[in-house]
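Next up: some structures, all given as structure tokens.
Each of the next two complexes has subunit A plus one other chain: subunit B in the first, subunit C in the second.
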Partner chain A sequence: MIPPDRTPTWTGRVRGVAEAALPPERLLPDTQPAYVASWIYVFGVLTLAALFVVLVSGAVIALAGPAWWHGSTVGHFFNSVHLWGTELFFAFMVVHLWGKFFMAAWRGRRAMTWITGAVAFLVSIATAFTGYLTQQNFDSQWIGTQAKDGLNASGVGAFFNVLNYGQMLLWHVVLLPFVVCLLIGGHVLLVRRRGVVPPLPIGDEKP
Partner chain B sequence: MSVAGYPLSPDPNVEWTGAKRRYDIVKEAVIAIVAVSLLTTLLALLFSSPDSKPVTIAQWAVEAPQDFLATAAAELDGTSGLATYGPPYTHTPGAGQNIIGGISLQRLVGVRIPIDTARAFVLDPLAVPVANDPTLAAALTRYEHAPRAVQQRWATGFANSLAHTQTSGTSVAAGGFGPVPEMLGGLLGMARSGALDAALISTSRFYQTNFTKALLFLADGSYLETVASQQNLLGSQWGMMNETGSYPGQAWLWLYTLWYQVPPFSTSDNADAQIWAIMAILSLALVLIPFIPGVRSIPRWVPIYRWIWRDYYRRASSSP
Partner chain C sequence: MFGLLLSVFSLDGRPRYIHTGWFLISVANLVVVLVMLALFALAIALPFPHGGKDE
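Take a look at the complex of A and B:
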């Protein structure tokens, strides 16, 4: 009889690390520190909800193709949902960002939480920008022909050609959303891992 | 003095062991998704979304033939904005924006999307109508076989004459410019028929997804800018964050757009390179705020946190 192999597997190691970092009660908590009691905390989850609406409405448009919404009332409605979802996404995200700034939310080994959030904000801008470029209307023409100068001046335009519709469409529907979701997913897991930053000590205002 | 469970100076480095409250993360997520879905649906139903028709080259040639011909002539004689643009489109000595001094990432990267404006926008497209137009074919042959200096003299002379005459839009006046009036008249007719729109995106392959040439040609004329100006989309009109119609645009680009409105950038030939450099530094600073002395202390000096955590501080400060 062959004795059972006790060597840890890669899978076992990953599971062990994941369980130690994010046990179920930390991943899906049913209590929060008492200080988490302000409307400012709502804007994080509102940003996630708006991202969900943007992804779903974008997926619906993708089902029928990028030109669908120009000739269909239903398609135009979903484009409108996509646009307003994006506007709300940025509005919520900016309030969330400023809120976290004024809470100095990077304290206590939470710098990476701030960094992933800030990078997600910047990548989201690029994602929205490529959306404007792929509308196939006057907006796309004007934004593309104007934006090329900035991108060319920075050297980026030689590789990221805003006038190449096919390239921009794939960046918009595949590459950038993937990165945004990855960053935001990591950001949320870091929040769960480190917890919500506690209040600043009172009387700490002097530089 | 602090109340049990509400320390006045909680340590952010250790796990919270103070007072807690009930919280349902799944319920919160579901409510947020339903609320935002309803809000976006309401906004979509009430305000819809803009969809201004794209400008076509045919439309340009019909509505602004003088501008179309002047642009085509400039592409032919190599004096257009694009012909002298530099990287990534043309090998124009010295062209390209500098960040500071002579440092230019644009030139460093080099020409990666090469465009010969005369060939791309005039000579190659004319190969289509010449098949059924012997006169145009003869004009094109005469031009192609002329010495470069003669070609230049014809095209530049024609471009200069256009600046002083009014074109009817249906014919192009000749006048000592060799075959150029015939060629550009043919190109104008081709554009008005819509054939130039198709020619500028066609390649040797069937499927097309790249509009670089067509958009660069459109952008070289004044017509596209005139249409944009009517919609308040010019850079001087904060156009980068505006949207066609009365819709909110990319408001999040306010800081990027702001730089273009103020000196020295509003008058600088290197504004794009300089503003991109500034925005790159500011973006990096945003990401690295936790490590920037002074900036990371601003939240302590601005008592907004007292308002956010006012309930906590009230409980922490109250006598037991």
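Take a look at the complex of A and C:
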């Protein structure tokens, strides 16, 4: 294998950069520092688990169409799994956010880790919002008509019309989940690169 | 027992709200927020099993 700094191909150079940034033992570590043995460090992976449930249940709903749950008990079951998976996803993510905020988790060159997490949270809210708009019931009509004026006043109505069901459905099942997964994937890779943030020091210790 | 729980957490009836001045929140949302705060406090306070070994 040609060393990455001598390879003429862009794929070889990308491999070199990736291996330097995330060597295998850092990408998939088999040990963690002692301070990670705390329940507050569990909520990140709980958020990922809930996201997995949301994606799988959403894929099942997509197979039969979004109106499936209105007339089928099986569809209703998967719709409920999708809803409660989302509720748990947000609950775990907010507790994770609280823990990291009070830990000042942006310390030690972890600013991008914090920023990608915060932006993933905001994009997740937009994703859940478009989900409420695609329920195909009076609730989604009510939410759409209540939201349109505020969103149109902000100027986004030109390309984000909450009363356009087809557009909202595609934002919900394609565009926004793609961005959420991209951000969360980047967030996890940054956690691997910089390591899990240690607790705040006690007394005169410097972070 | 189930009927009692249903009467407290029923999602089918009219929602109940707590409204004081500018502050307005549904009881269901307030319960969720309180549960999350309790979860946060427990996650900090409870010891982690097999924890404490420096690796």
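The rule is short, and it goes like this: the second predicted complex is superposed on the first by the 196 of 207 C-alpha atoms of A that agree within 3 Å, B and C clash if a C-alpha of one lies under 4 Å from a C-alpha of the other, contacts with A are read in each partner's own complex, and residues count from 1 in each chain.
Just so it is clear, contacts are C-beta pairs under 8 Å (C-beta built on N, C-alpha and C of every residue); 3 or more make two chains touch, one makes a residue touch a chain.
Since this is a predicted model, take the numbers as computed values, not measurements.
In the superposition on chain A, contact of A:171 is made with neither subunit B nor subunit C. Contacts of A:95 after superposition: subunit C is touched, whereas subunit B is not reached. When both complexes are overlaid on chain A, the residue A:38 reaches subunit B and subunit C alike.
In the superposition on chain A, A:53 makes contact with subunit B only, while subunit C stays out of contact range. Once the two complexes are overlaid on the shared chain, A:115 sits against subunit B while remaining clear of subunit C.
Comparing subunit B with subunit C, the partner in contact with more residues of subunit A is B. Under the contact criterion defined above, the residues of subunit A that touch both subunit B in one complex and subunit C in the other are 31-34, 37-38, 40, 42, 94, 99. Within the complex formed with subunit A, the subunit C residues making contact are 32, 36, 39-40, 42-44, 46, 48, 50-55.
Subunit A contributes residues 28-38, 40, 42, 45-46, 48-50, 52-53, 57, 69-70, 76-77, 79-85, 87-88, 90, 94, 99, 101-104, 106-111, 114-115, 118-119, 121-122, 125, 128-129, 132, 135-147, 149-150, 152-155, 157-159, 161, 163-167, 169, 195, 197-202, 204-205, 207 to its touches with subunit B in the complex.
Per the touch definition, subunit B reaches subunit A in the complex via residues 5-6, 8-16, 18-26, 28-29, 32-33, 35-37, 39-41, 43-45, 47-55, 87-88, 96-97, 105-106, 108-110, 112-113, 209-212, 215-216, 218-219, 224, 227-228, 231, 233, 235, 239-240, 243-244, 247-248, 250-253, 270, 272-273, 275-277, 280, 283, 286-291, 296-306, 308-309, 311-313, 315-317. Only residues 31-34, 37-40, 42-43, 91, 94-95, 98-99 of subunit A touch subunit C when the two sit together in their complex.
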